[in-house]
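Heads up: the structure comes next, in structure tokens.
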Amino acid sequence: MKRVAVISGPNLNLLGTREVDVYGDLTLEDVEAQVMQRAAELGVEIAFFQSNHEGAIVDRIQAAGGDDDAIVLNPGAYTHYSYAIRDAVAAVGVPCVEVHLSNITAREEFRERSVIAPVCAGQVSGFGARSYILGLDAVVAMLKGDER
Amino acid sequence: MKRVAVISGPNLNLLGTREVDVYGDLTLEDVEAQVMQRAAELGVEIAFFQSNHEGAIVDRIQAAGGDDDAIVLNPGAYTHYSYAIRDAVAAVGVPCVEVHLSNITAREEFRERSVIAPVCAGQVSGFGARSYILGLDAVVAMLKGDER
Amino acid sequence: MKRVAVISGPNLNLLGTREVDVYGDLTLEDVEAQVMQRAAELGVEIAFFQSNHEGAIVDRIQAAGGDDDAIVLNPGAYTHYSYAIRDAVAAVGVPCVEVHLSNITAREEFRERSVIAPVCAGQVSGFGARSYILGLDAVVAMLKGDER
Amino acid sequence: MKRVAVISGPNLNLLGTREVDVYGDLTLEDVEAQVMQRAAELGVEIAFFQSNHEGAIVDRIQAAGGDDDAIVLNPGAYTHYSYAIRDAVAAVGVPCVEVHLSNITAREEFRERSVIAPVCAGQVSGFGARSYILGLDAVVAMLKGDER
Amino acid sequence: MKRVAVISGPNLNLLGTREVDVYGDLTLEDVEAQVMQRAAELGVEIAFFQSNHEGAIVDRIQAAGGDDDAIVLNPGAYTHYSYAIRDAVAAVGVPCVEVHLSNITAREEFRERSVIAPVCAGQVSGFGARSYILGLDAVVAMLKGDER
Amino acid sequence: MKRVAVISGPNLNLLGTREVDVYGDLTLEDVEAQVMQRAAELGVEIAFFQSNHEGAIVDRIQAAGGDDDAIVLNPGAYTHYSYAIRDAVAAVGVPCVEVHLSNITAREEFRERSVIAPVCAGQVSGFGARSYILGLDAVVAMLKGDER
Amino acid sequence: MKRVAVISGPNLNLLGTREVDVYGDLTLEDVEAQVMQRAAELGVEIAFFQSNHEGAIVDRIQAAGGDDDAIVLNPGAYTHYSYAIRDAVAAVGVPCVEVHLSNITAREEFRERSVIAPVCAGQVSGFGARSYILGLDAVVAMLKGDER
Amino acid sequence: MKRVAVISGPNLNLLGTREVDVYGDLTLEDVEAQVMQRAAELGVEIAFFQSNHEGAIVDRIQAAGGDDDAIVLNPGAYTHYSYAIRDAVAAVGVPCVEVHLSNITAREEFRERSVIAPVCAGQVSGFGARSYILGLDAVVAMLKGDER
Amino acid sequence: MKRVAVISGPNLNLLGTREVDVYGDLTLEDVEAQVMQRAAELGVEIAFFQSNHEGAIVDRIQAAGGDDDAIVLNPGAYTHYSYAIRDAVAAVGVPCVEVHLSNITAREEFRERSVIAPVCAGQVSGFGARSYILGLDAVVAMLKGDER
Amino acid sequence: MKRVAVISGPNLNLLGTREVDVYGDLTLEDVEAQVMQRAAELGVEIAFFQSNHEGAIVDRIQAAGGDDDAIVLNPGAYTHYSYAIRDAVAAVGVPCVEVHLSNITAREEFRERSVIAPVCAGQVSGFGARSYILGLDAVVAMLKGDER
Amino acid sequence: MKRVAVISGPNLNLLGTREVDVYGDLTLEDVEAQVMQRAAELGVEIAFFQSNHEGAIVDRIQAAGGDDDAIVLNPGAYTHYSYAIRDAVAAVGVPCVEVHLSNITAREEFRERSVIAPVCAGQVSGFGARSYILGLDAVVAMLKGDER
Amino acid sequence: MKRVAVISGPNLNLLGTREVDVYGDLTLEDVEAQVMQRAAELGVEIAFFQSNHEGAIVDRIQAAGGDDDAIVLNPGAYTHYSYAIRDAVAAVGVPCVEVHLSNITAREEFRERSVIAPVCAGQVSGFGARSYILGLDAVVAMLKGDER
């Protein structure tokens, strides 16, 4: 059975309890429950990870090189400046999809650009919790060598 | 039954017959067939449209204001400069998802930025034909008021 | 009797039916009716034209070279990138006034700059439908060689 | 009877006596006479003011907060850098129209951008003395709540 | 017999009748006559096309993929922003030479850069009608596999 | 007894009567009363000055060189472009603290940068009238050679 | 009794022992002792925290959401690039004041801009240890709803 | 006898009493005495003017249009942003030389660029008081039609 | 008989022996032989010159002012920064065509811009050795006053 | 005996096992073995450290202030944005040499600039594992006060 | 007797024979004759040098280190990019004045900035041949320790 | 026996006699003596070359293509703009190491970027004369195929 690491970056642990108007009222646990349900349908195992520490995220992505078949990654604010995370993704050679809850092109200018996306397979943004699920769908399809 | 307009921009009619190494060997017809199949599963109707003409795409998006419940839009090269298409999307008030076959952040610098995405609900890029299907999933979930 | 072409660009056909808070609730027909009334007072003939197609606007401006004595032009979103429309205005040698319903300097940054204005006689912006009428006043005064 | 302050910035007192090829041969007095004539037609009172001093223009705009119903403002060179005048316009809460004799988009690059226009109702430029009259027309129509 | 598409963009239909001091007094017909004469000498067939519509130019370039052996392209003002035309040229895989009547590096700053040239074989600019003929010479030499 | 000049720039005379939502409803007189009260506690004399004129502010800062022991300066909009005020502060050699009522980093982009702050001892912003009082505290502590 | 978290970022633990000419010879312990003394006067409790780890600072700010009534934050070098800390401050909804020992506008260009300040209430910089005390004064006044 | 206006901008009245290491210890009076002596040798009359007020400098330059044959102008800090002074110089049509005591290219980056110099005949900078004298020599030579 | 100077800049002497995949395997001698053959057909004399020295190229272009009727110039890497060569071309007043072997718009970003082209009659790039021949054709046609 | 800290940043622990074509097939252990061998020749002790955590690297550099005589630092991706590491290097006052395995000027644009190098003694890049050894040679020579 | 090197850069040997409308009709010999005459009045010896070669100018400036007491330098087009000449001026430690015939701030944008001026004592521009004489006056006054 | 060309650019011939505080008091001859000593240890032959002429350096690098096995290159000020030297290095195909005496990232901003480094194997900077020796070590190790 394939395993997908679902990694969430800084401040995503506050999801659903703060800034509800921007990010919705689902907690990270709710999002993960939805992801688990979809994973069951897709027949894959999930390993969740959240950290506010850039280095811990780098460590976890490196570990994925040995333990996981794919990564769904929401880098949070690190999206916009963490070349260390970028290099980790590039180094491990595991397919990775970048996801964002909000539409990052429609907010502050600094959020428009991702320094990590260029080394990912693709990007899904703007659909709230569903961004994670669509990202999982995408990466599992890649693992299965589905339709293209 | 809900109807979703699936609109493809310039040069996408050449899909699968040219630059196969970049865009894959599926033709636009193949992509549309996959979309149709997924639409059947989702229980929605699809209206396809492709044009190389910016004005024709603006016309079609405007028409969606009356005829369609949502839009899946691959603006092709217009992504990067068509404020006219942006304004059309903003004006019609129909939920719109921007999709791209390739990971636009990983190509020429001018492709990194979308002038249309800020007025869309979200963006899916990098998964080939599957970007259309994930975009359809996202927009249909929005129509159904699903999970979020 | 002098004739003035009044040309409106992309999405202006939606005027009054969409984004009423931004553009007001007058339709393009309402605006044109007001322009007609003012034209009657000024003793000039009006030829209206609206298109979402950049090329069609270029064609129409070229035609003005033969048929019209002046142009009132609201290029809509093309204001910000259509060097083709700019070149058409420069080529026909007919006095042209650029008009905008909204104050384009007070909106998104990309709307601040017009690539067409430098080849027009002048610019009127921010007064809603009245921008068209003031633009007509200005261009007719020019035709009459009025005060200056 | 409504009163409109017509405020002219630096070097406009030299109008008509210098750089006649750029600004025409009407003096500021000639322009003001045309404005007076139009004011009579419109049934409004006019209060003229010209100064080369940024601070004096700020003072005068502030005074408009108490004494005038609207402002027609030609900030001259201050257009391009006086955030002090911008703040004064924003503070007094009186409708203000920015006018320019020449087409500021067709001259030196630094003249293309107005730091004041974003807090005005609108802008008229390029029609010589007539820019003042069109600006007056616009602002009076606003005061009358005319067509829009 | 080889066939070369000679495609001219927006406002080139006005050639010779307007802005004669900039572009000379040859009409587009005159230019095409010269091209025909040179084509006869070179033993190639020519298919002319002119349009003010970006989409129509994209359509025509795509058609060249099936019907023509090479393209001589003067994109007019689209040179500076039409990534749609760029993508069309890149997609059809037919050798293309970009030509300009005027020296585009010696005019307004926005004309200095071509977004299309990077996907062409080469560029000829500054020689009036002769730019077309030199572009034809170049592309025919390529077809013949001449001297490198 | 030490004397501190408290200098306020353009439009601060309107404080409390306009844009109450942005700047609060304290008038400049209220602010000055609070400053006086704090000055009494600190045992320093205060000399207030407000002007909309850049040159008058330069004059006043120069005068501080002879008459005052320190300056609390709110340059208003001049903050962002007055190199003349900057040079005056640098020239007089009297310790100067820049204060702002609002958080200038959280408003329009042009307000983010102060051209005067680099020649001041420090900066306090965002606390309304209290910014003046904190600025006074800071500058008085400097005069007293307090804790570092 | 209210509690204020006083958080210091990278390299501030070296204070007073290194680069004495830039930052003075007070150690972080000395600064904290001064803050404690002022807190006693103000009747508030203080919770100190220092870390060189961006993630640890994010964790601590998040914790403030539950445990503290306000934050005084010196982000050190993270001031200039940590969008993760910015997002943490924005998320916890506790009033936060950014403080700096040195005048950050008077040093290297990269230090001029804070990415965190726009989501703080205000900023105090340039007064050495006193910046912390003034920041505490400001934030406590906010908690008390003092004068403004 | 020809008359030359020698105009000095903001903070030059402090010359010789402050920042002696940067500007030397000559006062403005000393500089003017040297200029007078040179004027006597050259057989021209001098009219001195100094102000910290941008508007007053504009007024004085305008007055030169009637009273003076040439201008030697040290705009001080206004050099770098006063388009109002620039326009005054351009308007009066009297030959003007810009002078600076210090080498403005060797100081802060914002001092490198003069917005006024482009409308002057020439510029002399870096020679202290002697910059005024060389500027006077230059402008008098121009008046005499000397060796071009 | 007319004489055309054919001037090649730095590193073009290595042509054909190095980086064959980029520049082809023709040596500079081969290119010159082709140029000679074409010159014979055209009835013009050729004077070849190659140097790695910017100053020597300036000297040679100046000499062309006396000895040659036209110049075909491949400035090599100097294309992108030699304002000295630009000024030489502008000074001599001899028609000059800039040529490049490769398509300079399709390589490193710094190669996209020519500082010399604005003072040339035109530019030919991308056709290998044939760029020289087309440049010669163009310049000879100019000398002959051919078909404009 | 002198001790040199050899500190490696994020993802360098993956050396030799991933992206072998870019970084070679030596592992970090291999590199360290080479460094040890060279250290023995030079008569210095080595303390190795690697971390993916920016804060941990800051901690380690601070510790070098007490324990080590010099630092050889490969900051990995932190090179390009970690002002925290820069400040740590500046604070500890121990000579530091920045080393890179690859030639950072020949890769993505963001890798061209180091924010840390300006506070180091020097930089060695592009020689794979040998960059470490050359960096060690350099720093040991500095410690010995060798030749210069 | 003091000796001053008067060094002229590329294309200045063409002075007076080309582009007479821009640079006047004096030849470099005429300029040098005027300089000689002024040198005689000032009691200094002159050593002229002109070259189109950047390296030769560097050599000559270096030689001034041994042979000359001061330099008057017109770097021509090298003004705008020759850091080699800048470094030579900085290295020789001989007072140097940069001169320009034309007002370099009033021409193409690239001419506005001098990379050499920051290491010169001062700059004189815009007065034709007289710029050399004023530059000589300035540098000789420096040698004599005159007034300042 | 392998031969390494050691090439020094403009103003390096002045080493040790000027600006001793920046570059140290070793002359170029001293540096070369140290290099010779190290070359003897390494068993390689050295060919020194120094020139202030960009073209001469290009010539010398080209000659290395035939005569030398490697290059150690200190391009001096040409580092920052000589694309001609860059192209020469790229063309000759001989391994080249760029060296700098000073830490170029810690000086003026224009010195931070090398246009030549991207085509070299690597770069060593900041170690004075030792930079040459470390560069030699690096390039000789490359020739020997040492420990990569």
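Letters A, B, C, D, E, F, G, H, I, J, K and L name the chains as they come in the text, with residue numbers starting at 1 for each one.
The rule is simple: contacts are C-beta pairs under 8 Å (C-beta built on N, C-alpha and C of every residue); 3 or more make two chains touch, one makes a residue touch a chain.
This one's a predicted model, so the numbers in the text were calculated from it and none came from an experiment.
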| item | value |
| --- | --- |
| Mutual neighbours - chains that touch chain C and chain H alike | D |
| Between chain F and chain J, the fewest steps along chains that touch one another | 2 |
| Interchain centroid distance [CA atoms averaged], chain H/chain K, Å | 23 |
| Whole-Å separation of chain centres (CA-atom averages), chain A against chain C | 48 |
| Separation of mean Cα positions, chain I and chain A [Å, integer] | 54 |
| Per-residue multi-chain contacts in chain K, two or more chains | 53-56, 81 |
| Which chain pairs touch, all of them | A-B, A-G, A-J, B-C, B-E, C-D, C-E, D-F, D-H, E-I, F-G, F-H, G-J, H-K, I-K, I-L, J-L, K-L |
| Interface residues, chain L side, partner chain I - complex | 53-56, 58-59, 62, 65, 81-84, 86-88, 90-93, 115 |
| Chain E partner contacts - residues on chain B that touch it in the complex | 9-11, 13-14, 18-19, 51-56, 76-78, 80-81, 110 |
| Residue ranges of chain I touching chain E (in the complex, touch as defined) | 24, 26, 34, 97, 103, 105-106, 112-114, 117-131, 134, 137-138, 141-142, 146-148 |
